[in-house]
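Common to both upcoming complexes is chain A, partnered first by chain B, then by chain C.
Right after this comes the complex of A and B.
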């Protein structure tokens, strides 16, 4: 603990803050703010009630107006700090007409309501986390269905990506055959083509094989990635050939060598690719957008998009869904990021 | 029974010819060592026998069956690699069991065989460990264990001791000899270390540039090397070669040599020196030797010096001679131990 403290309070000047230290901290603070502030704002806003989201000026914390149940009224009434002839009091608003509001004292519901100008009253706010945004979102708009679609696509596509790419990488790194370099070059060359360019041809192919409005139409086009092949191939090159030869002497078939020797030894690189693949598939928007047009096949990303109505957007639900959408990717990253660093270090230049 | 025959075997990588026609017969139970300087093709030859490299031309026969087109797995050989090539993600037990499981053996049989081999190699305590948790000698034993559980027809060793320190190498050498005696199987062993070759082999195959120079028992190779290469390669310190011209000062000896002799070889232990003024009853006269270095090694002393014509000579002296750098002493030699070589560096007689 002490060592952690020493590590984090190290300075360029010996023991004192140098101007470079101030500069570094300022730079880090700016970076932290620009990256983190929108997320924090999003999370905070997702706990706001519908009216609080629309409130101007906006508040950072999720405030919402207090309300009170008053006898003789079915709905809870909003509370206001109201200027009355006898001084300021908290009163419930019964109704509002133009600039005139009818207020009642919640303590004395039978007393005659008084009319005040709306400028003479201020809403009484309290800190309140609108958890119902989250609970309701599960019941509404078949959120579960979208979540399932997203998870299904992500999990299946990632598994297939690992399988297909590692097989390609195995062949390209451990077998000598004619045109091996050419094939590898061709795969790498596809990195130069932006996915948006081939969107139309991909759509046409998916359409003609009948995968339109099918989750497989999103999964299959995405499983073979040049990045994955490159990453795994570079890593597998570092696995000594003697291990393969030893396995061959041990009666292992080529499939056994791949499955029992290569895959376990390439685990760090596979972990990196798995993380990438999960991020790509989970955040993917363009491909699902063109392939999946029926709402029952929507992924979370598509659902988020479709909630932005032309006339009316239910921002509080949209924000809550956005937060839920972010959670899996954050967890994956938090728990597997050490594999990314070790994996990239291992798979990179060697 | 497991025998091996190589018939005019060649191997070339593109234009580069690595193995240039090798013929060899290995009988059942022999311990054969391939020895030669690095790059002589000894490892390639071993890998061809294992099936990890294909032969360009020629035949490889195991138990009188041509196995050129048989895959490595089906040849029934087991190989111990220089780097051991243990599977780093598997325990010692799994490393040894992998081959048996691949062959589709029942779990109980596998367990029995692995524990048997582990006991033989004193690995029983280590079965659950990963290779990274083992010392060099232990890894070596696991690699050997992996080979012996399969009960192969042929054991192939590719410089298995070269990664061990000197002391461990000596004890592993003894263990290997012992293992060979117990198993009685045919073993082929590749090394560049002639001491390993001499101590282990029933039969040594000396290779140079893809060709066999000589095949024989250690004694044959040491006492009757067929050419200067084998003579120089086998034995440490290496044999001295003296051009015929330098021997004119010893007419009695020079007259015994056949006319074709262009140089003679003599091992350091068959030479001795007389300090200046020292006289013995030996016949003939010696050659003057200028001492460059004298190493005292207890039981023996190693003297290095040059003859009048600049030929470098090493002498293994049984008793210490009080000489220092720059002294000129008389070099005497045992004429019966001379090896004569002709202009083509081939042995005469």
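Right after this comes the complex of A and C.
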């Protein structure tokens, strides 16, 4: 035990922990709780049954009331620990009228039901993960369709983003042509123009090209990103020109040089851009919100927004959908955290 | 499979580029490569900037610019018309002014608190702690979540029968309607946006801290400088370029806050959490009559605000560099 303590409390420097170290770890522990408790709560809640979700005060674990099939009743009846004249027994409730409940013994369905005050019975709860929340959303809400739309947009847009931006970066890093500086300046300048300030005219352009209520209307407007061009160009500048010259000696076409030499060598930068693109597209909200108004084209984000706005929000389904939406990003985070953090720290992009 | 698909694409484009290479000559081939990018930018960024000006100067409810009557500065007139400029309830579009005031208030509070928290977290993470990568990830994870998911996580916690109210009831106090009481709703938009974004700024500041040469600190230790002096005389001055970037970036983002708040509170109760982008969205797209001209005019006001912020960043960076040279 002492050894474990020493392991956890050793510092890299001068050995012993002082009070500032304890303070640091306390701060980090508070941070851990603040950042993750809401997410853990969400995940636990998403496994609750409809009635458990509506219960107040809520429990942390997904408890739900046990029910039992009793002969002579179609529906399963809820079980209660009931105070009866001959001690506490677990009984099923047949019906409730005001403060009086009619209870029946599930073991002896033929015996006469007894009437008790509702304060004399306590629900019998069991730990039960309502996995059906997850399976039912696919059947009930064409959730599969939204999932498909989101995946389609994310995959196609990311592939196009990589292609279009790497081509531009190739031209801007390996060629010298008239107006090159101007083009680069122009592209970088668009960093200053956030989509929020050209919302109306972008809507017009998308409408004029006939992309309203089409997944392409969400994919195409953002495939050229200044961040992507900048990131890839800076990386391609480090690829030695001699490699290109050697290929030209062998009469390789410029397209072949781009495809067979530049792209493979720029793979690390492409990977960073791909990760960012996936996150941008999966999480995108404002552009889809104005472009996709028919529910058959909804992305997951739009579907979540529309479900939460309904009058009787069905939280048990909504929470399950939220968790499903959260999974891909969590996987990206778990496996590719290093690339993301170096990408952000290096280029200051998000 | 994947490689044959890629080869297919390669073969698809090669003749086109070979043709270009033959007829355009080597030097102009660059345009062919940068072309698709410029086409998309032109169509979806540069052209819209111009059209935005047309929208702002025309009225009516038609989407097509040709069908819209020219009204000059009337849209701006509508936005800025007030009987008494010290009382926004007398303005013709009081919701616009409400949104601007909310946005300014939100940005100042949110950015100040978030940058302070990020700085504190970065300083802690920069100490000799075990598992730095893990702790950094802890603060960074919410950054990756979509705004809708972030909003739903908190909406679930804050709803009337949610975990927060359960805590209050367990402690013996009355439940609070967190998201339908004006001041609380505002507080939570600030809190939730800090929760969701502070990891990003922590990361940038941490990178800045780790770039500070270690011998600076060793020298300070030799001179028996107090930790406070080390912080104010070495760490903060050397971190200043990163701090400026973080401040302005956070400000630019805060001014454009929309998604999280839209899902969390819907701008309510009333207009307590309605911000400028939501005003633009509602005026142009969500309301019965789509007033594109008014929305475009409002977005130009936003653009001016954002340009001012960028300008301030440039000035601050320059002043900081000049100050460094003087030292």
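In the analysis below, the second predicted complex is superposed on the first by the 317 of 350 C-alpha atoms of A that agree within 3 Å, B and C clash if a C-alpha of one lies under 4 Å from a C-alpha of the other, contacts with A are read in each partner's own complex, and residues count from 1 in each chain.
Rule of thumb we're sticking to: a contact is a pair of C-beta atoms (placed from the backbone, for glycine too) under 8 Å apart; a residue touches a chain by one contact, two chains touch by 3 or more.
Here the structure is a predicted model, which means the values were calculated and not measured.
After alignment on the shared chain A, the placement of chain B and chain C results in a side-by-side fit free of clashes.
In the superposition on chain A, contact is made by A:256 with both chain B and chain C.
Panel annotation: after superposition on the shared chain A, the angle at the CA centre of chain A between chain B and chain C (CA centres) reads 70 degrees, nearest 10. In the superposed pair of complexes, A:326 makes contact with chain C only, with no contact to chain B.
Legend: residue contacts after superposition of the two complexes on their common chain; A:221 is shown touching chain C, with no touch to chain B. Once the two complexes are laid over each other on the shared chain, residue contacts for A:170 go to chain C alone; chain B is not touched. Between chain B and chain C, it is C that contacts the larger number of residues in chain A. By the touch criterion stated above, A:27 is placed in contact with chain C alone, chain B being left untouched.
Of the two partner chains, neither chain B nor chain C is touched by A:99. Contacts of A:39 after superposition on the shared chain: chain C is touched, whereas chain B is not.
Of the two partner chains, chain C is the only one touched by A:318; chain B is not.
Superposition on chain A places chain B within reach of chain C only down to 8 Å, the least C-alpha distance between them.
With the contact threshold set out at the top, residues 253, 256 of chain A are in contact with chain B in one structure and with chain C in the other. Partner chain A is touched in their complex by these residues of chain C: 10, 13-14, 16-18, 21, 26-34, 36-38, 40-41, 43-52, 55, 63-65, 120-121, 124, 127-130, 133, 135-149, 152-157, 161-163, 165-166, 169-170, 195, 199-200, 203-204, 206-207, 227, 245, 249, 252, 256, 258-259, 262-263, 266, 277, 280-281, 284-285, 292, 295-296, 299-300, 302-303, 306-307, 310. Touching chain B in their complex are the following residues of chain A: 240, 242-243, 245-253, 256, 260-261, 264-265.
The touching residues of chain A, counted against chain C in their complex, run 8, 10-13, 20-21, 24-25, 27-28, 31-32, 34-36, 38-39, 41-42, 45, 54, 56-58, 163-165, 167-168, 170-172, 175-178, 180, 183, 186-187, 190, 192-194, 196-205, 207, 209, 220-224, 229, 253-256, 258-259, 279, 282-283, 285-286, 289-290, 301, 304-305, 308-309, 315, 318-319, 322, 325-326, 329-330, 332-333, 337, 340-341, 344-346, 348, 350.
Contact residues on chain B toward chain A in their complex (touch as defined above): 50-52, 71-73, 77-79, 81-83, 85-89, 98-99, 102-103, 146, 150.
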